[in-house]
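There's a structure below that I have some questions on.
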Amino acid sequence: MQISKPSISDLLNSRKPGHSLPAGLYTRDDVFEADMEVFFKNQWINIALDCDVPEPGDTYVVDVGKTSLIVLRDDDNQIRVLHNVCRHRGTRILDPGQHMVAKLVCPYHQWTYELSGDLLHAPRMGKDFDTSCRGLKTVNFVSVGGLIYVCLGDNPPADITSLINAMEDRLAPYDIRNAKIAYQMDIIEDGNWKLTMENNRECYHCAGSHPELCVSFIDFRFDTEYENDEEREIALEQQALYNERTQEWEKAGYSSNVVAQLEHCNTNFRTQRLIIGGAGESQTPDATAASKKLMGTMTRKDLGDVHLWGHNCWNHFMGDHAVTATAIPLSSGKTLVRTKWLVNKDAVEGVDYDLDKLTSVWIATTQQDADLVARSQAGVEDPSYIPGPYSDYTEKELDKFAVWYIDLMKASGY
Amino acid sequence: MQISKPSISDLLNSRKPGHSLPAGLYTRDDVFEADMEVFFKNQWINIALDCDVPEPGDTYVVDVGKTSLIVLRDDDNQIRVLHNVCRHRGTRILDPGQHMVAKLVCPYHQWTYELSGDLLHAPRMGKDFDTSCRGLKTVNFVSVGGLIYVCLGDNPPADITSLINAMEDRLAPYDIRNAKIAYQMDIIEDGNWKLTMENNRECYHCAGSHPELCVSFIDFRFDTEYENDEEREIALEQQALYNERTQEWEKAGYSSNVVAQLEHCNTNFRTQRLIIGGAGESQTPDATAASKKLMGTMTRKDLGDVHLWGHNCWNHFMGDHAVTATAIPLSSGKTLVRTKWLVNKDAVEGVDYDLDKLTSVWIATTQQDADLVARSQAGVEDPSYIPGPYSDYTEKELDKFAVWYIDLMKASGY
Amino acid sequence: MQISKPSISDLLNSRKPGHSLPAGLYTRDDVFEADMEVFFKNQWINIALDCDVPEPGDTYVVDVGKTSLIVLRDDDNQIRVLHNVCRHRGTRILDPGQHMVAKLVCPYHQWTYELSGDLLHAPRMGKDFDTSCRGLKTVNFVSVGGLIYVCLGDNPPADITSLINAMEDRLAPYDIRNAKIAYQMDIIEDGNWKLTMENNRECYHCAGSHPELCVSFIDFRFDTEYENDEEREIALEQQALYNERTQEWEKAGYSSNVVAQLEHCNTNFRTQRLIIGGAGESQTPDATAASKKLMGTMTRKDLGDVHLWGHNCWNHFMGDHAVTATAIPLSSGKTLVRTKWLVNKDAVEGVDYDLDKLTSVWIATTQQDADLVARSQAGVEDPSYIPGPYSDYTEKELDKFAVWYIDLMKASGY
């Protein structure tokens, strides 16, 4: 007797519409490897920001699985993304994190590369040694309004253009490319990356888990059935406010409507300008702006929250600051979530903004989500787990994500 | 060339009678998975006590492998055992350990279950949502004189009745169902669960390793060959004392003889009323009772030690207190041993009993056994290990355990 | 779709001459298991020193993978190497490290063995129990001038004789067999053992990474192309000095020339008497001797550095002290490096030598090398790694090592 396990293909085919995924898709190591190949190598993923490397010579090392990338700004002020692997015997050139360099010098045998990646000098290899084909390997990337997307595979999907078209215009006044990173937080969630993303794609859990966020974040309920009359009234009020603001924003030239590419596509994203609750300005403890200096060329604090998410990121762009987050799978049951808080490049901590006010809502929310994701992972690993039903009202985006996931897996031959 | 490894079936067939098991049965991950299926899913295992949940609304979470169980007492004072997995998206409902609850509420989206497991309310799922078939899954269980046995599989073995028949009567005067848990200790042994059980099934090692236990625990030697005359004399004296006490106890209505079901069975157990050494009352540093209040309805301190073990537990029920232990495998080389010390429900720490006197013998013994099991595991993992001979005098129970293990593995198709 | 991985044989065949190994040979678990079988079981490996057990009854436990070995000195002053696994139920007899014992007594059931390994007594096994075939299993070993080599397999390669022939004579005046271990350091490198050995087989990296070592260690450059005239001049000077000293040493009866067995062999080694830089005496911060008492019967401090390395060790024998190091793989990405500093057996710390002066150069060097090896491991695990070219001038020994490795793997059926 052998305890035989279903193939990945069997798992994909066994998924019941409208239900969470079969356990193995969240828990198995072979699925993790397939996910890394299909979704983190062959799709575009968001891994960094232009403003991670503000000055020429700035480098920023980001790891995606075993792949280590150097994001840098070269002497011509251009962003580049290179593999962090020496062409001699494969040594890591830079340590994780941020550095400032003139050249890229491997610490093992001092092979020295230009910021373009070209090999400048390889000592003691002999005078005949041909350096021309020994540059650091380059990586496909694009900056979408200041968010750096890479594709590690050789055939980057063309439909990234939809994302570019939607976001360049929306992000322009925020000038994310030249923002300042006021704070960064890494948290390792004890869960599969798909549970991390599912958690992010619904606010069904917000009322019960995110008291800090709920001050400013409005969990639109206008497509749900109402638990009671009070809830119904609140929802109708929110809907009216949303409609009114959206009309006004669009009239003023700020694109606000939903743009989404969620099915029959490679590059998965959704953006929408959301209204902010309470004081209406920002995701802070009292919903007022955290920074006196507004983002980029913004002059108004009442332009809501340009919300954008993709299959490994979520972002909120507000008048006074922005919050960006990326998710990088570490194993079938661990996912790194890296959150950054951005302010105007000239904003000064303690003068223009208070760091605690700026960061406290999403620090709390991120920790709460990590706890929920860990509980979910433990549950889907339990042999007694069976996929359960998504709500038709609050979890539609999860169903779309599941469909997109399964379609792309199958399209990749699984 | 491939280093090919034998099948589990080959390993089982290669076991030499009267010898310890082939290494792979203690060390391989595939054997661990098979063990979990055959012995910890499809057999009855001891995982808790009625008195872990003394009051209605008390819950106690126990994990067996990746399976998490909620043991609880409902509003009708009945014990129930439920799977700790929400029927929505599979989230863990309760954290490990003990809680007191009115309902079982999933912290993710507030799906709310009755203590019976029935789904009472699933917010925002829509008015048409059918909650009737979404209750928490239930688990087969039985309380054997206050010891909770579960079977996670669908076909619980019928021969648990022998255990029930043997123990309900013996345990009645101790009233384990209503005892108080004075202390609990978890230790993770660095060894396979079968090494944990082998260690527990012989006292060959006691003299060399358990000085504290040996004050009160008599390692019967009357079926061994004697090392010398002195040992022979001691053994004959012990045998005489055992015979005398057993006769007296049986006459007074206290079942004392050996009842064992060790071969050609599913439910593996052995019970016997043992004599206690020295002062003869209890497994304490001086063998006198640790608690002034006796267990349940007991009026005598001289009724020896009702010893009971199964394939994942061992227990000692004495006049003044009881010690229970369960073993739950965590991996091929790690096993959780959870020990509990029970006293009369009305006994008060510091008044009726001194906690240190109550617990010190088995705290020391448990740590000593953990050390021995870790040494054994390291040894059987060594490529130079070959199964060695069990003693015909002191390790007969280990041979029976090995036979039972192999028989059940084969009966399960391995 | 299955992500199929190449066989080990494919990996071996895909190696490009003059280039570092294909990634899988450094990273895969199945290759690690094959390496342990081919190179750490079936070849001779250096694991200890005679002087680890200076007195009768001294024992020294060394683990190689899951195999635990007892190196001991018996009552007849003879070294023996035994498996640290009781013949009863497989328990580890001794803990890691050094002990002094009269007999080897298993702590589980007190089975008692002579220092020869013979089973003396097995309590309670019965009078008929035959102890004669139950001794601790022995291990093939040989002391090469005081360095203990073992072969765990049944067919130890015969070509160890070349090593013995080369070293017994060279090491005699240093009397390593009776040296004193002044200090020992264990470090776990986060890299495959082959990266550890590659790191040790070139000094291309020394100038950039080992400032302390470079005071005394001369990285001969006379077979390289020179970066500039200054370098050329230095190299020619060193070459002249080396020639002069070697001639003088040989004349005085100290074998100094290169003896190497690196290809078409099982036992891989190279020895050469090297000149020491600066003050010329010893690998210390100022290149002067650290110990006033010289090694063994040495009377001169100017006899250079008898350098010896094999496939799992490197050693430097100098007039005043010696440094020995062994590498033992722990997993595909972890290697234990154990370094020992030896002095004359009568040298007294604080009187004859200062411990910090004695050890500081190689403590620093070892840590620096561990850092480089970890960087290399991270790099070869990166999917973007491709094997790169070895320098024809400074990395020839690495190419020979790669060829030897691949040849032996293939000869073993891979």
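For reference, chains read A, B and C in written order, and residue numbers begin at 1 within each chain.
One rule holds in what follows: a contact is a pair of C-beta atoms (placed from the backbone, for glycine too) under 8 Å apart; a residue touches a chain by one contact, two chains touch by 3 or more.
On a predicted model such as this, the values are computed, not experimentally measured, just so you know.
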Touch-based graph of the chains, sorted into line, ring, star, complete or other: complete
Chain copies touching (chain A, chain C) - same or different residues, decided at half shared: different
Rotation, 0 to 180 degrees and nearest 5, that superposes chain A on copy chain B via CA atoms: 120
Chain centre separation in whole Å, for chain C relative to chain A (CA means): 48
Per-residue overlap in chain C, given as positions that touch at least 2 other chains: none
In the complex, chain A residues that touch chain B: 1, 3, 20, 23, 198, 204-205, 208-209, 224-225, 227, 372, 375-376, 378-394
Chain B partner contacts - residues on chain C that touch it in the complex: 8, 33-34, 37, 41, 65-68, 83-92, 107-110, 123-127, 129, 134, 137, 152, 412-414
